[in-house]
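What follows is chain A paired twice: with chain B in the first complex and chain C in the second.
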Partner chain A sequence: MNAPAYNFAYLDEQTKRMIRRAILKAIAIPGYQVPFASREMPMPYGWGTGGVQVTAAILGPADVLKVIDQGSDDTTNAISIRKFFAKTAGVATTTATEEATVIQTRHRIPEAALSENQVLVYQVPIPEPLRFLEPRETETRRMHALAEYGLMHVKLYEDIARFGHIATAYAYPVKVNARYVMDPSPTPKFDNPKMDNCPALQLFGAGREKRIYAIPPYTQVVSLDFEDHPFEPYRFNAPCALCGAEDSYLDEIVTDDKGSRMFVCSDTDYCEGRQAAGHHGSLSAAPYKDKAQGGANG
Partner chain B sequence: MADPDLHENEEPLLVATSLSKSFGRIAACRDVSFALYPGEVLAIVGESGSGKSTLLQLLSGQLAASGGHVSYRMRDGVTRDLATLGEAERRFLFRTDWGFVHQDPAQGLRMAVSAGANVGERLMAVGWNHYGRIRDTASDWLTRVEIDVARIDDAPRTYSGGMRQRLQIARNLVTEPRLVFMDEPTGGLDVSVQARLLDLLRSLVAELHLAVIIVTHDLAVARLLSHRVMVMKGGRVIETGLTDQVLDDPREPYTQLLVSSILPP
Partner chain C sequence: MTTIAELPPGFADKVLSAQSTFRSVMDAMARPGSLQRIVPGAGAPDMMMRGTAAIALTLFDHDTPLWLDAPMAASPDVIKWLKFHTGAPVVQDSSIASFALIGDAAALPPLERFALGTSEYPDRSTTVILQVESLDAGRSFELRGPGIDGAATLQASIRPFDLFERLRFNEPLFPRGIDIVLVADDAVVAIPRTTRVVSKGS
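Right, the complex of A and B next:
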């Protein structure tokens, strides 16, 4: 299975060294986007080429890998990447957040608290938070260098002027270590507070844009806001229909063409863990063990 | 119009000393020296290609001079050579103590964001963090430049040319700069809109005690706004003096030509 057709974790050692150097620099300057020589990966851009390269560079034989996509362990993207590393690195994989040492994620931070011996690797489509405000890359780099971030507030101002509140719901800009403004990748702003003072190392890889940035453990991460319009995490006001959780981020699932919908945890591992522990929601099938035979969908 | 007591007990705000700039063999600007005092309006006139815009860029630190230097008295009272300022300091100066009004408002405005955010941007850049106060200040400035406050949430691309120019002025003045550079602010506007804009500028300049360096080819604008006039030709300043003196009694043949080329009203 682990045929030596590839080097360990697919990338060659020189490439991994190059990526590790970029990662070290990124950790040394929290929130700063470090350019790196992104490689072609055997997957299309937008599927996590940046995250995969970062994961490949930091993965060791003893690591346990978890991959999530929008909080879910069982989507195509998550399964493919998990299989990819199982095949090319022979590492153990898991869906349980607590067991994982490396978690590659797309658009979510797990609900379970992370620990010091874990690394969270984000897949990032657009690393530049100022991109849609200032199209010139030369100018945005200068703005980062001089910490000129007034423009970021212009965006938030526009939100309030137009919608009456800060309507940015994902990729909500944060200031890292009181210096660099950073795009937290398209995670929902519900997850922003989890980045602050997080015990786990957080690495961000953007493959197409060829940038790596990082938040070292226990680093201050502040969501930008106005004094009179403070940052507020958003969550649908409902319990999870399967596990009854009141504190998790929810996905809205349309269940028929008559407007019915259900809200379920977007973090599948968290939801399944709660169900296994005996928690029930309004639409959960009982008992939990029978779920595999179907009939759970209302 | 010039106030004789203007310079009595004040130090100059901006001093240019033998400024020159050449692009290869072309000397765009040669040996320009002058001092500008707080509250003074200086018009730089001349035909196209005479070096007016190059001079404006040299003075505002956007272009490095080939020779000579520009010094500016900062808000803390210390006069400093612009060339020695770091980029961060220069950019800070540019969005706080200075204003720059472009001929084409699209260059000076963010066309896709609302007027309120356009005016508020400088405030947010210097750390204002209270939406309500930013918005109040922006509405206040829109009123001052005669833009209907009801249009505060509209993007400037929906504005007329004259409104855009007035918005650009509000955006520049919101941080109460002491010096404003203007590059043909009335260019491309029709005559009645021009007159209204000039009227507005004149009252704002007086009210805020602004120093202005205005580049124009329109002598009427110079006459209406400025205290002093500098006439440029071929990169040199050929004549300088009080506005009425230069325009009513031009000494240099070129200035005489310039003045006589205006159609009589």
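Right, the complex of A and C next:
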């Protein structure tokens, strides 16, 4: 009576077969959005149902799963999805990027370099990069068929005309393998260069919009730009207040109602790893170990 | 008359065997030219290799029209086994097939007879599963394209000998095209439509 009433990794086998076939075609046609029959999941659309279905279709008992939400392993979304697969598939979970074989992510790419034996699964809200420029699916599909992406360049140009620079800061459009323009999901454009020539396989799942797409390993991914306005990743000009990192993507945290703020790494695993290795930022508490050493020396 | 009891079995563990087979095929597709192994967990009828049978059980079902080459289609064992274990409809028209099973690769029909997808839906194309002699010995080929860090080398004994020359028809077609999965016993190598293959001297 206590036996679970669901299959390994929740999804039934017929659904997994359908998703697996879509994943194979997605890998064969880098950047092309493959339609799939997205299922109802025991969580609302917008909570990563696309990513969850992709993860469920690839996950095996030997996998080690990491889930991040805006870089953090500790938010509700990340914890819920990690627990979901720990319960339904019995897989080991981790927060350490290097230990994971499957990493499901919402809106970030880990700071640590990914390796060949890892798969990065993105949760995608709106997979169609042209959707806000052209609402009709029939038209955007035709535009992809003809590789007609002038509209996207007009949009970026209008940014420059209005603001003096390309103001798109996240979901910054990329061209995959010199063919398909693709939405990298709402990752900050800081992360775009990490997608290029990445050793790990990158899979994208959009549950509500029913699309799966992929970037195979070692595939060229170019952020769209202009010769006189080249692509520039954006980062707050500050070190992390907790670990002092100068190279990581930062979250801005408002600390009172007088305008005080601190900048901290958005990738919690990266930040904690650096702190454990002895790096400090301007606002980190003095580590216990240092005090003990100070006492011994003094 | 063959009864069901006489058919070779499907996966002993449907769920986990399908998962591990899929991961091997996914890794093969993501890293063209790399040799992946399938852990055999099922029986295979007649002229079907263990790897082919595992892929069939993992990816085929009632949604995937299936085309068989003449030797496969001539084997009642193969037809019965596929029908019982996968339920995939076997079609005569290769241009509507999701998958094609090629038992005797020497008699591979012209590739343009398979579904190539459309410009709007390039995913609606046939995945051709080709049984070959060997994927770790034989002539050397150099592969380039997405999924490959620079160039990859594949050693294979493949019929038809001109398979990779014929696959060049994928190049001008992209994003339409044919994806190939080569199987030799339990070894799998995939050549998606983005991969460019050249024969190395020797």
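The rule we apply is simple: the second predicted complex is superposed on the first by the 283 of 298 C-alpha atoms of A that agree within 3 Å, B and C clash if a C-alpha of one lies under 4 Å from a C-alpha of the other, contacts with A are read in each partner's own complex, and residues count from 1 in each chain.
Going forward, contacts are C-beta pairs under 8 Å (C-beta built on N, C-alpha and C of every residue); 3 or more make two chains touch, one makes a residue touch a chain.
Computed from a predicted model, the values in this text were never measured in an experiment.
Q: Check the residue A:V154 against both partner chains and state whether it touches chain B (first), chain C (second), both, or neither.
A: In the superposed model, A:V154 contacts chain B only, not chain C.
Q: Between chain B and chain C, point out the one touching more chain A residues.
A: On the superposition, C touches more of the residues of chain A.
Q: After the superposition on A, what does A:R162 contact: first (chain B), second (chain C), both or neither?
A: first
Q: Going by the contact rule set out at the top, does A:H229 touch chain B (first), chain C (second), both, or neither?
A: First partner only, chain B.
Q: Pick one for A:P217: touches chain B only (first), chain C only (second), both, or neither.
A: second
Q: For A:G60, using the defined touch cut-off, is the partner it touches chain B, chain C, both, or neither? Pick first, second, both or neither.
A: A:G60 contacts chain C only, not chain B.
Q: Identify the partner contact of A:L146: answer first if only chain B is touched, second if only chain C is, both if each is, neither if none is.
A: Both: A:L146 reaches chain B and chain C.
Q: Jot down the residues of chain A that show up as touching in both complexes, chain B in one and chain C in the other.
A: Residues common to the chain A contacts of chain C and of chain B are 142, 146, listed in rising order.
Q: Can you list the residues on chain C that touch chain A in the complex?
A: Those residues of chain C that touch chain A are 14-16, 18-20, 22-23, 25-27, 29-31, 58-61, 63-64, 98, 118-123, 125, 127, 146-150, 174-175, 177, 179, 192-194.
Q: Residues of chain A touching chain C in their complex?
A: Per the stated touch rule, the residues are 7-8, 13-14, 16-18, 20-30, 32, 34-35, 57-61, 116, 141-142, 144-146, 177, 179-180, 199, 201, 214-220.
Q: Would you mind writing out the residues of chain A in touch with chain B in their complex?
A: 142, 146, 148, 150-151, 153-154, 157-158, 160-162, 226-229
Q: With touch defined as at the start, can you tell me which chain B residues reach chain A in the complex?
A: By the definition above, chain B touches chain A via 87-88, 91, 95, 110, 113-114, 116-117, 120-126, 129-132, 134-135, 152-153.
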